[in-house]
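Please find one structure pasted underneath; my questions will follow.
Each chain carries a letter (A, B, C and D) given by its place in the written order, and its residues are counted from 1.
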Amino acid sequence: MRTTLGALLCSAATMGAAQAQDGVDLEVMHWWTSGGEAAAVGKFAEALDEKTPHSWVDGAIAGGGDTARPVMVSRIIGGDPPAAFQFNHGRQAEELIEAGLLLDLTDVAEAQGWTDIVNPPGLLESCTIDGRIYCAPINIHSWNWMWLSGPAYEKAGLEMPTDWTGFIESAPALREAGVTPLAMGGQAWQQSGAFNNVMAIAIAGPEAWLSVMRDKNADTVLGEDYGRAFEAYAEARDLAQGWSGQDWNQATNAVITGEAGAQIMGDWAQGEFAVAGKTAGEDYGCLPGLGLGAYLQTGGDAFYFPKQDDPAVEAAQKELAALLLSPEVQVSFNSVKGSLPIRGDVDLTTVNECTQKGLDLLAKDQTLPSTEQLVSPDTITQLNDLMTEFWNTPSMTAEDVQARYAEVIADAD
Amino acid sequence: MAIAEDADRAPGDRPRGATRRPVRLFQNLQAKVAMVPMIFVALVVFLGGTIWTVVHSFTGSGLLPRLNWVGLDQYERLWSSRKWLVSIENLAIYGIFSIVGTLVIGFVLAALLDRKIRFEDTFRTIFLYPFALSFIVTGLIWQWLLNPDLGIQNVVRGAGWEGFAFDPLNNPDLVMYGLLIAGLWQGTGLIMCIMLAGLRGIDEDIWKAARVDGIGVVKTYVLIIIPMMRPVFVTALVLITSGIVKLYDLVVAMTSGGPGISSEVPAKYVMQATFGGQNLGQGFAASTMMLVMVVIILIPWAYLEFGGRRRG
Amino acid sequence: MMAFDSGSARLADASVSVRDLMLSFGAVQVLKGLNVDVRDGEFLVLLGPSGCGKSTLLNCIAGLLEITDGQIWIKGRNVTWEEPKDRGIGMVFQSYALYPQMTVRGNLSFGLKNQRMPKAEIAERVARAARILQIEPLLDRKPGALSGGQRQRVAIGRALVRDVDVFLFDEPLSNLDAKLRAELRVELKRLHAQLENTMVYVTHDQIEALTLADRIAVMRGGVIQQLAAPLEIYDRPANLFVAGFIGSPAMSMLEGRIAGGRFHVGGQSLALDGYEGDAPGTLGAAILGLRPEHIAVAPEGAEGLAATVDIDEPMGADKLLWTEVEGQKVSVRVPVETSHRRGSRVTLVPAMGKASLFDAGTEARL
Amino acid sequence: MANPATLGAAALSADAIGAGPMSGPRGARPRRRLSRGNVFLYGTLLLVSLYYLLPLWVMVMTSLKGMPEIRMGNIFAPPVEVTFQPWVKAWAEACTGINCDGLSRGFWNSVRILIPSLVISIAVASVNGYALSNWRFRGSETFFAILIVGAFIPYQVMLYPVVILLRELGIYGSITGLVLVHTIFGMPILTLLFRNYFASVPEELFKAARVDGAGFWGIYFKIMLPMSLPIFVVAMIIQVTGIWNDFLFGVVYARPETYPMTVQLNNIVNSVQGVKEYNVNMAATLLTGLVPLVIYFASGKLFVRGIAAGAVKG
């Protein structure tokens, strides 16, 4: 018995983080583990190590947001939080903020004038609780893209289609050329995101989408617009038969190599094309909003900073927050990541055709909030479960999923 | 059995006045202090933890535990959730086949090994080594073996049988049977050893008597030996069922619940809800349901095991 | 003197006949060229210390052990390669080997059900066996609820219902306490008289052998030392081992030599004229075996062996007097009333007709 | 005593019935080597052994091949040109996210988790077993009963409460935290094992020690401990395989830097940089399974006895 008590006491003592004098080790947790993402994170690490005495301790967690977020949450409420952690824009951190576990960044925001440089302002609003800002948005990712494979269409002897209907027509030819028209990863968030964000907006239209996601109007789901969206989704399911893989970057890789004709994925997929040294327009095509109603959702990532009791660490955290939004870091990070910067006043030096399309849409303010900003994580999990069940149960028809989708929306909060 | 408390005074105690009996609590103080960790674990962690979870399963706690009562909402939501129903169904399928499979294969292998054959030890080592591996390792091994373009299907097709299809992990109806193949591969060894120990415990004369009575080998096993090994079968059954309810690592490693939600299991539902979907209340409700399942399985066994002894 | 009367040794009616039986486990030879014939209806006991091969022989007869060489005939039929169930034998084990989860009735009828015997006949046989063994009230109980004796009777019943030719017993009473063992011994004898079946009975308890057997085969190291009627073995042991093994208190052994028709031990000598066997004239080393009850005590100076009294052991019915002759111990059974002072001198007068003489070298009887 | 010549009986009886011909079956019944029974017996055993050995064979073979050979060839075939590069990469270079120091970090984490957990959990459990079997007091049996019932409660029910417990102790996410968790959840089975073992120690020994004035700890160290080496080995085997193979506690209670090997393996295999490197993944899987396998082969029979004893009693 004595030995157990002894072990506990002495270990607790050594737990206090040994603090270097001024340079602080900042452990940053995130889930950017694919090739392109890892390269982008490297840019952040370089910036922190060069420009500040502090050093970047990488806490990458594999397996996508759904796997990583729980680990971060249990770390924070478990009383041993990292220095900073990545969440998507939206309400994921709502409860953490309400529980007073996160650092208030309003002073840094005012010093750097975040309110006017961040565009669209909606990004800041989603993490502002009664006037205090708790997050540092760092990029804009939008789901609403469809990537087309140059080599696949060459094999099929076709031009890359300009929209969803064109893609549907090109499918049989692709099949003949031994190419799976659509590559879709095996994780729930990919299958569900493709509908909730991309196809719903593109086919059912932004008004219907806002009525469902913002106003939680179940009747709109049962309406004719959403009906067409569900039909298209069922069709997409058939087009995806023939390719099986888990991670999204495996599907992107299939598009790069021409194994698959196209993939519905956010603009973070462009990072993979960059790493593979492909050029937009020739090796791959990009259709914002499936080439139908081109609206971009301003999803993306933001860093949150758990409250620490050590002032030195808090100062370092604020320095990191400011650094993340500084122009140079925004440029270096977003160009490699393939996302759009949150600063309106910065132009990406190397802008390829696809990013330019995105920037134009952003300038024309044809943007919509991301689903995570409108709907609680709990509802998203339910939608994910529903859509992945539909995607993997061929016997389930569009009408079935439409009815159950409406139920989920009915009691969403 | 051993020195009960009211035996002579604990050594080292000053002899008290004859009139006052030593206070029972301070008897054998050292023993009681030595047992504090066990008492702490039993009361605080097991008992306290379980009560805490069950109580919180009636609250609406989301990311953080909160005591806002919502009555049976969590349970209603649980039983109306398609994913939970699928995980219960999966657990039933996996459970039944796993119990039957493990017991049958375990017993047959044990019977074969018990026939005084050569190389008995080598065979036993082969059948038991998977048990030493973790479920993660087993899951990954079988994930690759069952992978259509890498594993068995690819090899057999390569060997000429073109139409051969063996890809359970990507077929929602067969995925649980894919898990079963790996589960049996890992779990049967232990049950075989327990059965072998049981078989070796049977008095040799019973075998001779049966032979003299002219009863065939198979009939002897079925009609005489197996009924005699009832307690061993009961123990094996409890072992297998407790393993089934806790099924988690294997699913995470092999199919992570996929394709879609077709290989979801209750333990994974709990983990997903508690830590993933930031909905503690739902997670607590699901884990309470798992507790109920274990209780339903255990009560008959406990009654059989202990009840029997008092009555027998 | 031939061990068994050859009159009825005809092959035909020998119930069990073991011919040149050899059995070895790997290199170890357990049974070495054994031959024994059990007459029909006879109660043969295989007696010997543990590890003498008696149980192994029984298992060979039952067909539970693969023999290395030789043949086994039962009821004039060569059953060497037959399965136990086809040899017409029933076996009762030391641990009773009853099927624990079946009732007594289940145990009795299980063998018959296997031979697809019609139900009526099974019921009739079970009833007959239960009546003979007086276990009717126990038929619906489980073995766990029976006493040692009752379980033993059910085990016998299991063979009885199958109308076997030969009953084989493998030390059936050794698990029971002394009183129960005596009771069951009597019952077994009565059962044998009633059934008149051939029975081969293995035991290491000589009292069981002497009381139950028509004939006893004393065995040692896989070889039959002597095969004869109990009294024959008691009075005329074939060799030193058999003499020492049978009878308690044990036979006293006096080492000495034979010269001029007299047995000389130390300074004294004894006339051999009363001895039944044909003792040789002279023999360098010989052993005189005397059973305590075959020696009379006479006052000092009488014709016999002079001995000094050591201690006495009252045994209830009589007393055992320990004496010393020329430094060798001799025990004598005397009436309980007599008492001799320790160290006093007496003369032992052995009944030469009942004595045994052995050649010290070959240990065989002279 | 020389072996006495068998009496005439043996010889006599031979010729007396020698007349009858010794024809017909004699000696052991000729058993055909490939009798139907044997074929079935060994056939099934070999078939089942194949089912058991196949995975290990594939793992080893694939872990020694280069990627081209895997994609093109068949995974059951032995490697044409053997390369240990996958093992090296799995051990030192495989990446999870940015840091690419392979499984080695997980391995040392697992070792740092295993050693203290082993020592503390066995120490505490043996004291429990000893106290329960010899120093019972009124409540002690009820605590033990709760402990045993606790063993059957699915871990998920107690996961979150333990998170709070560790947080209050300030050791959440640390190696110490994991050590405490393994001690807690290993306690029921181990305590039962030790209690049953100490109960089988003759009681007179304990009484004699009491008479000689030895106290609670005196008896434990001087008398009980020296005698209980076998059960200690059994307990060690159960704990080593249990702790090393654990995944659930590792995922919930550890941080990325303190992830045990199993969790890190799962991360490595699931985080894909471009193409899935099966050979590296399989080498990593074998590495993770190596320690328990070595323990298993080293302890041989003891392993079986231990697990069976732990399990049968459990």
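A few comments on the model shown:
As a working rule, contacts are C-beta pairs under 8 Å (C-beta built on N, C-alpha and C of every residue); 3 or more make two chains touch, one makes a residue touch a chain.
Nothing here was measured: the structure is a model prediction, and the numbers come from that model.
Just to note, of B-D and A-D, the chains joined by more C-beta pairs in contact are B-D. Centroid analysis (C-alpha atoms only) places A farthest from subunit C.
Taking each chain's centre as the mean of its C-alpha atoms, subunit B lies 16 Å from subunit D. Separation between the centroids of subunit A and subunit D, computed from CA atoms only, is 43 Å.
We define each chain's centre as the mean of its Cα atoms; on that basis subunit A and subunit C are separated by 94 Å.
Here the CA centre of subunit A is 39 Å from the CA centre of subunit B.
In subunit D, the residues that touch at least two other chains are 124, 127, 252. Among all residues of subunit A, those that touch two or more other chains are 1, 4, 71, 74, 77, 246.
Among the residues of subunit B, those in touch with two or more other chains are 34, 37, 271, 275. Interface note: chains touch in the pairs A-B, A-D, B-C, B-D, C-D. Of all residues in subunit B, those touching subunit C in their complex are 203, 205-206, 208-209, 211-215, 219, 223-224, 227-228, 230. For subunit C in complex with subunit D, the residues that touch the partner chain are 2-4, 6, 9, 11, 17, 19-20, 22, 33-37, 66-71, 78, 80-81, 221, 223-227, 238-241, 361-364.
Listed in rising order, the residues of subunit D touching subunit B in the complex are 41-42, 44-45, 48-49, 51-56, 58-59, 62, 70, 74-76, 124, 127-128, 131-140, 143-144, 146-147, 149-150, 152-162, 164-165, 184, 187, 191, 199, 203, 206-207, 210, 213-217, 241, 244-248, 252, 262, 265-266, 269, 278, 281-282, 285, 288-289, 292-293, 295-297, 300, 303-304, 307-308, 311-312, 314.
Contacts from subunit D toward subunit C in the complex involve residues 1-10, 12-14, 16-17, 20, 22, 24-29.
Within the complex formed with subunit A, the residues of subunit B that make contact are 33-34, 36-37, 62-64, 81-83, 86, 148, 170, 172, 256, 258-262, 271-273, 275-279, 282.
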